[in-house]
């Protein structure tokens, strides 16, 4: 089997070295011939290109590293395309975090109005990438970490035929909770998994083939850092950490409101320093500062997925895929986050027997918001955008949705299509 | 065809004369032999019994009027059972209206936590009635106006085989809006209708067989008294008036918060006087005060339904029935409010082609709350009650659901089963 | 309300006077202004035009009768379009009846290979008509009797937006069996109805709102002329008369094989005489010979449907409509024959609760054959035609399907598109 | 991890040594502590027990071999239960093969009326075994080869909660056809797979992650030994070999009719000799005669499944599992043969995107027959048995189903419950 050729789109991000790190540690099973770094920001790209070469040399990763700002060049003749872009950068993120707070609503990168605006900015760029892959490397796989990954996956799955995996470390996290609570190696843990990216639930948890006892489940509930264990015990399911923004809405709002600066603002400050560090000619390791940056650790699951694809190894994995009847209460073409079988031939969701009845409504309303958001992003229709925002369980009130949308769109003029700003029928 | 025998359960209500009024005006097509009045409150029953006899005599309604406090006697050997009960009376209603307001949430008889508590109180009584009908008059129809009628319908449809129609005047109201806006007789108006009781939408509106023009639709939107026409125009559907509690949540909360007394309190004050009026030996007409009482006018649609059944006349009608695949995103055994064909052989929902995508999530989450509420009411399980309340789009926050449930249950101890107050597993 | 304008397409048929007869007897409730007769055969059209004028005058039907051979003129500015065409005439029918017999298979006008060939000939013509109606009279209703009406309905529903009712007298026939067996007026009989045109089953039969007893059902089973009552009693459903070609396949084959001439041959002989009779200047009534012709009696249900539409009267009716979830085991866009609500606003199937499990496979395989046939007719693809024929429960054997298809296509060259005769990929 | 304890039920069969052979060759990854042989025939059990001990010793398989005729003892404290029973033995099989031929229908062990009778005889015994496993070893897996394996799987899945895999070598056979035609190692071949046991189709075939070209597919079609490649090319799917009994019905009937003795008769003759060989004290290898017996080779896939379970290794496998929405046109509780993910936590079907439209009807009708057969076997209801037989695409004719059922039931009196022979309602 020939060695892999792999592209990182959005390679100007400080996260890129994680992938190199992963490839270095898996080089026995994942032989890579070329890593192509692509970014639309030439300065950052240049910094990361040179750092990557130093890093690879230092870690004995024998691979050709190239760079380009051209999308077609980036995707041609590749097997794996990793996408990790951030349209509008962290400046836009700060808006996403701060504007909703004025309206009494959580400001967060992926959940709520913040994620909504991120989706409107990101989807056109991701569709452009996916269509380029579809055209120039139809057999290549896109492995996506760009957030909001569930909405990105829905758009790409609906509007292109590119082979696409929407990954999120969160889908495999319940395994680590079980390991942490019960001392059982995470590899022995499996479960049914329903919902959407950042709005999901693991249940029917099995370790080494047998079901968890009630007592074991209760212990696992206790290690869940973000949601009241009493609620988890009533649900008998392990929610995503991001469900705290739903189940502890007011408490989280109060916390965010009290912060001196948002996460985006902190990162903006750090970024300059981090890139200064990456630029240093003697920097051959990831800068210490990156740890403060946070949000890393996502590459392990990506590497496992690449391994499964490259070596055609059957692999149970939680990912974002088209529903196609898995959850009977969602449309067939909606994207869900669920347990799948991955191998070189594709990724397919597993059938689920007994869908819990307690969170159907919540999942449905978030999915409804997501699908309307995809449609709004593609059509640049302001009315659809308003109905999308209105459909989100955080909003629901027309008198709130209207001024909030107006301010969000105003703040994002630099990154959105003109359609959103044209007068419409009604 | 023999004349009808008909029972009114909850006949001690001041609404009962409406039915007599309707029967009097339809006596040519709906010949009635006996009207049985049943109530568990013997004083009110006695008052309404004597008034009904005077009223019937005065209006030339030649019918035997009987009374009983015994359920079995009430339902035996009848064709039509009208149910209009209020467990806990208007005193309990005042709690339903006032407690949620303390938590920043709308207090309303059928929508939100108020409707939730009303359901917990009402379902056991309605199931008892339906099971009695199932046993003693399996061919009789129950025509229900007891609120929350959608949740009542779901419980009766799930747990009994009684023939049941859950009616609400709201289902036919879009016809009157069209008449009001366009001067087209309401009988010529038909539509697709999706959703739940008090959470529903009419669309694909046709007058005399042709679709409304966009301009006509916009005119109809303008006569909708409770929801911003601009939103209606974006939705291209006519929402139930009760959707105001969702789409104008904060505005309605502020209004309710400002009121000096709740609707329930007003009615409590009026009731004593109204019953004094009913008691008068010379009172042969409905007391004037009833108009202040409000909430009437529901009998016309009930009479139309009885006419359709008695005369086996095919009739397009909006009612609460089991979903059975009509809305693909809801469970088969969920009850929905939708357009049906009614005749003597039964009531069947009509297939719907093109389900709007903008309110699927909202309908799903309210339905989820409703189904969990039915389960909680039947099982008397406090944890299920909490998950039901949590699932309601007004709540969603565990830190809110807990104390709210505690206070609601505490205030309703007199009307709920002991199960809700026992210690549970978690 | 203005008077109706109505067109008969295929008006050169000897069946046309039935419609006039019906209109004459319903003139109080169905006032007609114009009847347009359309046919592509100018000789027959002329005969029927003059006869119709004499017939109308004789029966006091005050209406303008026009004629045309032009499709656009025929459908413009009309409310009702009745379609009753026969592509290839009775000559083609004789082929349909005789060729299958050589292969050990029933030869019949609508069922089996005969119906298959009739569909291939008919669908292009019917689509042309429906598209003309869609374009020139989008608010007009097509009421179709052209066979095979279920397949015709599926094609028109899939490929046009014309308002279309696929009628068949068979759908209402179980009512008459109940009347015949039990003496209960057919108007009091209703039922659930599943399946396809000429492959269907009535069950859950109700008279005057109550279920038939087992003893009553058994009596009804006895009056079913074509299927062994013992089988009907086991099924607890009343099958279409055409189900005899399935359940008594060999017996029917033997009968057909023994006949001296096919039905089509008999009719071919009669037709000349019948048209001679129609031509006579003193002929003001339907010729006696028509009775020998058979196949009539279908106009009553058509007139009832027109009445329901024109007067916007809700009507329970069995018709061929798109499935849209009614039968969960068939595709949404498949056409089924089922109980519907008809009124001026449209025709909608009623939801069915409890679908019998004994005939799902049979219905599925006939529907599969029908849908593949529609696709073959539209694409003129010989391979698809072969797979369609193979899918029919009468065939199933590739070694049989191939030569049979070859002979059928050879015999129908005059009436089919050239695509069927071109060399294809495999 | 502890070593496995494994039971073979029906161990008196000449196939048992295949399992030992497999375990011997996989002993590194599948360490076995105990093999329990169970059979209700003590003579054969004794022969196979002693042979197995000799065989294990000779092949260096260090394992305790036990024997029992007691079901409870057989299943207690085991991890894997292999089931391979034949109720009525090969004598009953000869009836299954010969009786249908008298009626013009294929006589075959698993397909058609033969498989129907085998199911009626086998299901009660298999349900007894599965219930014993459910009770005594709820965590054990049943791996079944007893035919008709699809119907057996449906019964066990519907009526027990035992962990059950219904295997058939046929599900993986398309891999070997691809290897044979294209020289690509079968491990690199994957596909979508729809249908039922012995009535199924592989498509969307991928090798090493990429789709087969049309030319490659055509080459694979050519190596399919039993079905005309021209038909396979039109279908663009690879049918099960058993589909020959459908697609070449008449040809296969003629072949079977011409045979001097049926397969069952041949085996009956061979069996005596084979068991004589097994009995010899110096026999330490499988007798040569077994090759003539045929039907072997099934153990490899069983061993792979055991490996996947024991070592919790994710594995793509085709197996018989509950539908649960995989094929939207079949009931949720129907068992289908489809591609799954197997590991220690369970076996789950993979979602299928694009279900071919050409064989839906055929699959539906065979499934309908199968589900009715399960119901007939469990209820011992003769009428249901008749409707099951009638639903099979080979029958369909009531005049044929009746006498055929009568003769089949008469011939199987020794092995069926008395319910089938009692007078019934109709």
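A, B, C and D are the chain letters, set down in written order, and residue numbers restart from 1 in every chain.
Following the convention adopted for this analysis, contacts are C-beta pairs under 8 Å (C-beta built on N, C-alpha and C of every residue); 3 or more make two chains touch, one makes a residue touch a chain.
From a predicted model like this one, the values you see are computed outputs, not experimental measurements.
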{"item": "Farthest-lying chain, centroid of Cα atoms versus that of chain B", "value": "D"}
{"item": "CA centroid of chain B to CA centroid of chain C, Å", "value": "44"}
{"item": "Rounded Å distance, chain B centre to chain D centre (Cα mean)", "value": "55"}
{"item": "Two or more partner chains touched - positions in chain B", "value": "328"}
{"item": "Chain-chain contacts as defined at top", "value": "A-B, A-D, B-C, C-D"}
{"item": "Touch list for chain C against partner chain D, complex", "value": "228, 230-231, 233-235, 246-251, 328-331, 357-362, 364-369, 371-372, 383, 386-387, 390-391, 393, 396-400, 426"}
{"item": "Residues of chain B that touch chain C when the two form their complex", "value": "139, 188, 190, 206, 208-210, 309, 312-316, 322, 324-326, 328, 339, 341, 343-346, 348-353"}
